[in-house]
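The first chain written gets the first letter, and so on, giving A, B, C, D and E; residue counts start at 1 in each chain.
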């Protein structure tokens, strides 16, 4: 399991300076929770770890991110490799234009992880892990765009799990789920802790408290405070963190 | 403020029977919360009140919905009128392909509600009410697709508020918001209670408890239980509701 | 192992696809080069301004003025676009937004057929229907009602073979291209966008306006540009009805001549006469230049506009 | 209140304008079909589509246009396949590897220019190559010339569709660790209906184009026999029959036009039904 | 059958003659090819249309053996070695609409080459009044061919011009197109090859169209010796007898690069003799005996 080191990361969208001088070390094999008010740059940070911002035409990135010591921004880097290693759940779930089954099977297929019966098993397992099997097990051939939003969110989770990445980035992955489904996902993530390096964005402080080993608190594009979860929640150092946890600001 | 009466509503997506025999009276001038596990049909119900399902090709609808006593399904009905009266916030926020300002101003403009200075004032007010003004007030001319998801969600709220509908349907409208922003929106909705008939879908039972006057609990396309919030939360009648509130099932 | 294979696939894919993409530029350059090479003999005899601005075309006498053809090509294209663009965009909207799927089943083949009817049939129809219509109805009518405002509507030519006739025939030919793309653009608009607009109480027409003018604008502009280009290049149907008069037109009812028609009319018979062939290649070169400059103009306009709009 | 009526009125007016526009197109089409049908129907016969022409065919003798029918189908099919092999990779390239790059802009510009070139220029270009190499006109040369004509058509219509694919699809797909080649295939999946629509458009254009094949595929009365022999095509047969002084031969030209139109219609309908099947999972 | 040159049938190795060229001659050639191959089965033809220039180019570059030429040959082509053999004759006549109000007068006075030149070459007359010397202000529509063609070329020569480009007027594609344009336009005037002015079945003038007689001696009336337009056969005779001038009558040619090979010479010999019987059915005029003699003289002795 690789750790993630972020060094002097700055990101601009056109003229908007979305991330400012981020320096972070996200521990491997643990769950890091990124919290902070809406629009502070959480999704941007997550996408930068996956090099997804490259797709955006007017983005400028300086600084470096290292996964397991290897720099991911640089000319020599094989972007595909980076993204294979890093799974990502987008904030707005977006199924691929294929059936439910193929949505999950697509990743393993292209990576050559499994085929035939084995693949079917992998799909089933992933869907079960994402707590979706009961709802879609009987209609795997239907178009994935017909699912409800919460179902789409779980489908995207199953899809990410199926390719067994080393790092998993989750952007508000329980936002559209009822508490019980959310609890199921939380249990899953918790159980994955040993095998994955997990980074999750959440707006649910309680969830962060329940799950996180490490917490990053962001504010207007900067990291205000970061540290082990226990320390952060019990003794937040910065006045902004204190106020945020006390739900006074936003 | 109109009340909403739903009579024998059945909805099929192709062969999927998504809503079964719904009979409900949603009180006017109050907040109704619809809760239930993911995929149980909450969004479908909300969309049917706005006749948005008409856009879907393979949907079949039987039964009737009456807003303020007037049937909204029927040949004579002016759909545009219905939708003008009923504001809706989609579960996945989707900004219009125009600037932030125009996103909010578009509705009032087509309905001829305001123009010039008055319109600018209306836009400002709506953005402030949606707790978005501070973040976007200085970049109203930018494309709305550049906002973060939580910002988009609040933008959609501002957009809906600006046309001053009589009924407001909110589908998980705080799902992507941090607790403080969410609390702000909750306060707003709460303050709107007198002027609007509000129907909200939420997966956050605490939120429902805080806000709702009336609760509808759904399960696999059926309404299991509904009634005034106080009664529902204190003495749920149905065993499913009891279990759900106890977070045992999902 | 598997990964290395995929990386190779990706590289090879990139190499092949990239090579193909560049080969298109190669093709264009090759065509331009061949035209230039073959046109050299006349370029040695006549200067470029003479080619472009002189109005006398008599290659056997060494007069290579192509201005009438250039003006004719542009005039015919303009008339065609003025007729076709509004018709096609309105029809595209109707097909995509207002029509029940059953009615579409009937109307969709209309555009398919219009797209598929060969140019020679369009030309025939032009000769048999459009030219008489222009001669007997349109030209006299325009002469009576419009000529007072603009001499470009004067009924100057009793035959009916004219810019107007060619423009009308051509407009029906480019119509399906614009309809098809407009319709595709509208149908590709995400359902969420539609839902968002309808939820605001917008009428279908208002929804269309937003989707078409905002989300779909580049697509629609592209459709119009493509229609324009098609009109430039259309040959057979035009030459059957345009009158083929190598003279500067003064009215849309004048006979005129297009560059493509000039080549088509003479190439098969005259290709064995070197100087004449060279003159025709020169016409091809000029046509290429006209198309290139038009497209460059459209492209500049578009990139400017889209930058300014800066929308998703 | 007035505002609402005004909005209704605006929509109503435009709906009528749209109907009018469609009506004009339908009338135009109807007029074309009526013209060729009324002139060609009587000459339509089984003999026409089942036999090659006799020697005296163009002087009013017997036989049919089977050779041109087959020739056209070979030419159009070959050209469409060839164009597909060129256009699809190019379009996917400029939307994946070359997305947003100068190369992509350049390729689009080039395609637009090629789209605007009259097909006769492509024909002349290929003919020039043939003459330089001392080769004869042939099915192969005609196919290549036609392919050049329809590559821009196919590529640009397809490109318009690919460009409309939501940004999220690329993002989601790449996040799974796909290569750009695999992303291309994903885009292809989403845009299959659009591609097919473009394909049929291109095929129809290839069927109807006479100028590109005139000098490259030639014009003959014999049946197509090999890739290296000249073949006839329907537009040329129509054109040539029209140019004869015999009314009965001219009537056969209209009949041939009718046959060509029927083929186009058939393929159009096929495409239409095909689209419905292919688009099952496409995001709308 | 007449014993053809070297009629030792079984001894002949099979040959294929590749023919390419003018569409106008294509049907004629198809008929000849079929008849000849029947008589001499060792010879087959590979016949292609494509236009006179295409045929010449093919023939000159060697991808065809024979070219079909329906227009006057160009100097450049002769320089490259084109060797011409007359094959048939065609002629161009002036035509007007049958409902032309001045038809009577036109038929009586005819058209002098000078007046025709004033119409087509110099645009001196723009109204019917100017042409006929009365005060009719109706505009006259002058039609010509848009596609490069022998008919237009020869018409231009007849009027004193040098090539088709000099002809003014509305240009219409193809012979039938030109005929149709004049048929539709009461005030139009055009020209056509004979077969397009006469009905092949009845030999009468095509309905809606009238052939304008040429006033060859310039006396302002059509005298009996100038009046041979009644039907196609009469006109054909006049053309064959060269009473109808050339131009606007003209020979159509088969062309080889340099003198013909033995096989082609044999075919030429057949075409100039037996082949001529098939010419009229294809709408052309037979070569006059003098021309046949001239043609045969070009060929080496069998």
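Points worth noting:
Methods note: a contact is a pair of C-beta atoms (placed from the backbone, for glycine too) under 8 Å apart; a residue touches a chain by one contact, two chains touch by 3 or more.
Per UniProt, the chains are A, B = Phosphate ABC transporter ATP-binding protein; C = Phosphate transport system permease protein; D = Phosphate ABC transporter permease.
Note that the structure is predicted; figures quoted are calculated from it, not measured.
Common partners of subunit A and subunit E, by the touch rule above, are C, D. Highest inter-chain contact count (C-beta pairs) belongs to C-D. Set against the Cα centre of subunit A, the chain with the most distant centre is E. Farthest from subunit B in terms of Cα centroid separation is E. Measuring from the averaged C-alpha position of subunit B to that of subunit E gives a distance of 82 Å. If you average the CA atoms of subunit C and of subunit D, the two centres end up 16 Å from each other.
Centre-to-centre separation between subunit C and subunit E, using Cα means, comes to 37 Å.
Subunit A and subunit D have centres, each the mean of its CA atoms, that are 47 Å apart.
Residues of subunit B in contact with two or more other chains: 92, 110-111, 146. Among the residues of subunit C, those touching two or more other chains are numbered 6-7, 10, 190-191, 203-204, 206, 264, 267-268, 312.
In subunit D, the positions touching at least two other chains are 7, 166-167, 179-180, 182, 214-215, 242, 283-284. Those chain pairs judged to touch are A-B, A-C, A-D, B-C, B-D, C-D, C-E, D-E. Taken together, the subunit D residues at the contact with subunit E in this complex read 54-60, 131, 134-137, 214-215, 218-222, 230, 236, 240, 242-247, 250.
Residues 18, 20, 23, 26-27, 30-31, 33-35, 46-51, 54, 57-58, 61-64, 174-176, 193, 195-196, 199-200, 281-283 of subunit E touch subunit D in their complex. Touching subunit C in their complex are the following residues of subunit E: 22, 50-54, 56-57, 60, 71, 74, 76-77, 80, 139, 141, 143, 146-149, 162-163, 165-166, 168-173, 177, 180-181, 184-185, 187-188.
Against subunit C, the residues of subunit B that register as touching in their complex are 47, 50, 52, 55-57, 80-81, 83-88, 90, 92, 94-98, 106-107, 110-111, 142-143, 145-146, 156, 159-160, 163, 165.
Interface residues of subunit C facing subunit E in the complex, by the touch rule stated above, are 57-61, 123, 127, 131-132, 135, 157-161, 239-240, 243-245, 255, 257, 261, 264-275, 277.
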